[in-house]
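One chain, subunit A, appears in both complexes that follow, with subunit B as partner in the first and subunit C in the second.
Moving on, here comes the complex of A and B:
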């Protein structure tokens, strides 16, 4: 795991600046760096209550489902503790109410499986004895950890396959919101595609939701009508995969193996697995060793590409997997010079983007259209 | 050109939901009953459709059962509004709240699950070979042909070309006179409200079996209300209602096409289009059709319960 605990002061300032610049994230002037402190007291397994707050339904076979699998792994590892979960929490004061409810029900740990920002931050601040987690979070506290995935690496790998498989060189992307995950996703995917097809471009459509099968379906249709023959996105469900299957296009998905909804269209998926992370974190808390952390799970340790789809030619799979091995060996594709959509050099030649820079990516590279920060 | 064909194809598909719901509402309102429960009925139909295709691989069965569910719930609504003569607006709102809530509860088990069987597009021979728009218009699923061609023509014929239709409109315009002429106001209202509710639930099933195709909470997304406003815009006429729904489908699809084509309009504004469209649809008739006020007017007794002894 890449531990961001020992980030430089400058790195933290950068993170704060990026968080402030992004629309959906809370604007907070002060970021308390997580430092060594006394761990939270141990909890006996039979008294422990672990709560999960989800952004979508656990039946989505995607993001929320994967987190729910993590919760089931926790239940299996620690059969005596009690778990709670709430699905489809809106990004509003209702979220604060839900998290506060968890605390009043005696939760020792609260996992927010999406970036609830201030709605979680406020609750965490008032309950110092409870360990909070925010997935894709950017404002750590003494009792609020953040965790996320280095999804840009497997995304780059699938991008290479996409570049080889797309005939028109026009890629489509179904975006949720203009947030860093979407910028790093579109950029990494197009960079991968451009490594094999320099003329590849990417068109995005923002649908303002992580889970809206209806909008994702319509967006996918509009992208294909516009000439895209390979779709990517960051949706928690299979909407645009079904469109691609019907229209004879290809699709790269997120979260889980959902190839049965479009076996011919399925290329791969940015597959996630939080089981080990959750079990480890709960163990730390129970043993009284819990201190806050900022974690980004690396490729191969919580995130990876899924097994290739049946219509992916072997040479394509081989070539993409060679890139994957290279990345696992320590190489990074995210090196300058990288220009933004206006042609300004944003990453100087020779500079390798750091994990924080990738985590906080908030501008589009040349060739991506439709995304404005 | 592909873009235009694609736009028309998705507009037809997207408008189908509204067209079916609006046809149902037209039936109900022509008989003099405002049914504001469309949103709830659509939610119930949507969950019925998905539940059936998860159990059996027959989308048609799902659609028919959704119609049946809508009919039954519509009977309950008609019992309240026509037989007991309770306030129609309140009953409608109650039906919406109950329908969406119940569908959300039942739907928890199906959330996010793509429909295992859907209505596949059927290409009509010869017609679908017409260059440019042939494929867009004549390669649709069977419900689209039903909603856009068969149903509106049949309903228009019944409402405006038969004695029964005259009776039904009379009930909506002047129930007292209809009653005096020997028409059973209560039974006409009851059955048309139930039939209209069935179509509304069918629209929900269309959503999950042909359009999206999967269930998620809030999948109806206010389309029931849009359908109610379409009926007013269409002057309570089935053929107009279908055209208005098509126009609306076009507005909805334009939002996505605009983004795909990089129109210099912010994405949030494009996402607002359907709702801006609804507001426009409500205002336009009032402003532009002053002259046609009599032709486009609502049935005179719309929303008023009929008490025989209070004439």
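Moving on, here comes the complex of A and C:
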């Protein structure tokens, strides 16, 4: 187990490219070491039951679809095991019931492909023989692993392109909830844009959902009405891309290549791929080598920018990709001095934000409006 | 000789029971046919649902946990119906109760044995306050409580979203913004089922007792079936209406308090799981009977839990919702049909 505190990011990236790096994440300010415990017992492939609980529908062509591709990769790699999945699980006690039902149907592994927090944690605590996973999770247990993506790096890269392409310097962001993924997403994007246009600003609208095409469309329209000419967001579908296409604006998306919904507006996407991760994790469980882990898949190993859109000028693509290469080489854009919206210095000059600080980012940088923190 | 359908004011319990049982069987039959047409194996699915729900303490605990808020929101709507009022706002009162209880838990320090009762009271008061304006508007200005209570649901939902994503946000990060975990839990008495379950049943009996065995309850029931008669007989209709509606709101508030303190442990948007609206179904299924509230809640709980089991078997959410709707639809028809009896009328002898 590698301790994040002793890990340079270059080492992290190199090592992480293969199977994803294992990190230790803080729990209420403390680092809880994952125990070098005995692995969970091996399971014969034909007896194994692997369950997936999703936040959205598997047909969303975005976040949930990508995880579903991961499940299909697992089925292909281990054709004899049984898979279960439930889509569109609400963030309520119904999530607990669904995860409990997976356990009662004999699941050996349960992947929650979103952060279900206590709804998953409480079930994991009562089912010590089942290996649980929580995407974007923050409370690991001896049988509960967490996994996520270093989305802030490709986001910064697309932010550079956004800064170069936006004429007004006003960027818009369709947000789900004021949670770390949204803070790190907005901040990284604006930092990328400001690296080429120091006057860039970003307005956000929170729509209280990860999947609500109608609300996302309304939010996108409102942002463009307010002067934004380039939209970003963290939606599981293509709603605001279509708005951008209609209004002659540009958009950076998440999850998958969905340029066909707005080929002229499409700049790029924060493209994700969990296939290898899921197959590797299931293999560990089947072989009796499973112990808990905390993984953040690095840029180039599960997350990256998508191929640039057709209207992105070659010069812009080149400049942004140069930044991408720099990051892959070990450079980090997330270095002080960084101020919050009130002008307080939150990251001192010379300090490079650690992966856990980026993962747990819970305040907005100067220039972002609309997010409470 | 002719056959005549005659409506009777109250169905015989045995007829009503048979009608409902038949309705559920028919609904399941139709659902099974639809599933078979889609290529699923309905008999195996039914077996999976039955064995998962009743064959393990896991399933029974889940139902117990689901039934608790359903009893209370059902009771809330049912109580208001006794005096002929429609409380469509159990959802909002649920949120208001959860909100108030959370405020107490987060901001008043103290030992659990002391704070839990305070949270309980706060939850009841929260629900009561949420229905106060609709109650007074109905009692003094004859404004339909059906509309006002419904509209306040949206206000309560957004209020909870606001505090959970804003001032009370736990910054440690969840996919859905929530408050911090409450420091006080309603203790569990069986698996994951907390003491809210027996409490909800007890409350149902207490209220049934009040309505059935006190003069006050008698007046409420008279006022419910015929307000003019009640007024003519000198019964204080307005006072009874106010008390009943406030009680209705308080019960839904208690449901919200128990859900946040017993089941979810954090305040967040969506915590109600639509229990307020499902309470309307429970009350409709229960008809006039207080025990019917318990039975209706149990039926709803089993249906909702079956829905989750079906989803793990690859049936989509929309199909599950359709089956749920089908069962309720057939039951409602069965309920109505139970009120008819077939009589033969002989032509008058010449």
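Going forward, the second predicted complex is superposed on the first by the 340 of 373 C-alpha atoms of A that agree within 3 Å, B and C clash if a C-alpha of one lies under 4 Å from a C-alpha of the other, contacts with A are read in each partner's own complex, and residues count from 1 in each chain.
The criterion applied here is as follows: contacts are C-beta pairs under 8 Å (C-beta built on N, C-alpha and C of every residue); 3 or more make two chains touch, one makes a residue touch a chain.
Bear in mind that the values here come from a model prediction, so they are computed numbers and not experimental data.
J.: So, does A:261 touch the first partner subunit B, the second partner subunit C, both, or neither?
T.: first
J.: Contact-wise, after the overlay, does A:269 reach subunit B, subunit C, both or neither (first, second, both, neither)?
T.: In the superposed model, A:269 contacts neither subunit B nor subunit C.
J.: Once chain A of both complexes is superposed, is A:91 in touch with subunit B (first), subunit C (second), both, or neither?
T.: second
J.: For A:136, is the partner it touches subunit B (first), subunit C (second), both, or none of the two (neither)?
T.: Second partner only.
J.: Quick one: classify A:208 as touching subunit B (first), subunit C (second), both or neither.
T.: Once the two structures are laid over each other on A, A:208 reaches both partners.
J.: Using the superposition on chain A described above, determine whether A:221 touches subunit B (first), subunit C (second), both, or neither.
T.: first
J.: Does subunit B (first) or subunit C (second) touch A:108, or do both, or does neither?
T.: A:108 contacts neither subunit B nor subunit C.
J.: Do any residues of subunit A touch both subunit B and subunit C, and if so, which are they?
T.: 87-88, 206, 208, 372
J.: Which residues of subunit A touch subunit B in the complex?
T.: Per the touch definition, subunit A meets subunit B at residues 56-57, 59-62, 65, 87-88, 172, 203-208, 211-215, 217-219, 221-227, 236-239, 242, 261, 369-370, 372.
J.: Considering only the defined contacts, which subunit C positions touch subunit A in the complex?
T.: Residues 52, 56, 58-59, 62, 65-66, 161, 165-166, 169, 171-178, 181, 192, 259, 263-266, 268-271, 273, 305, 308-309, 311-314, 316-317 of subunit C touch subunit A in their complex.
J.: Given the complex with subunit A, which residues does subunit B contribute to the contact?
T.: Result: residues 2-3, 5-7, 10, 14, 108-114, 207, 211-214, 216-217, 219, 221, 252-253, 256-257, 259-262, 266-268, 271 of subunit B touch subunit A.
J.: If we count contacts the way the header does, which residues on subunit A are in touch with subunit C in the complex?
T.: My answer: residues 28, 51, 55, 84-88, 90-94, 96-98, 100-105, 114-118, 122, 126, 136, 138, 176-180, 206, 208, 210, 360, 362, 372-373.
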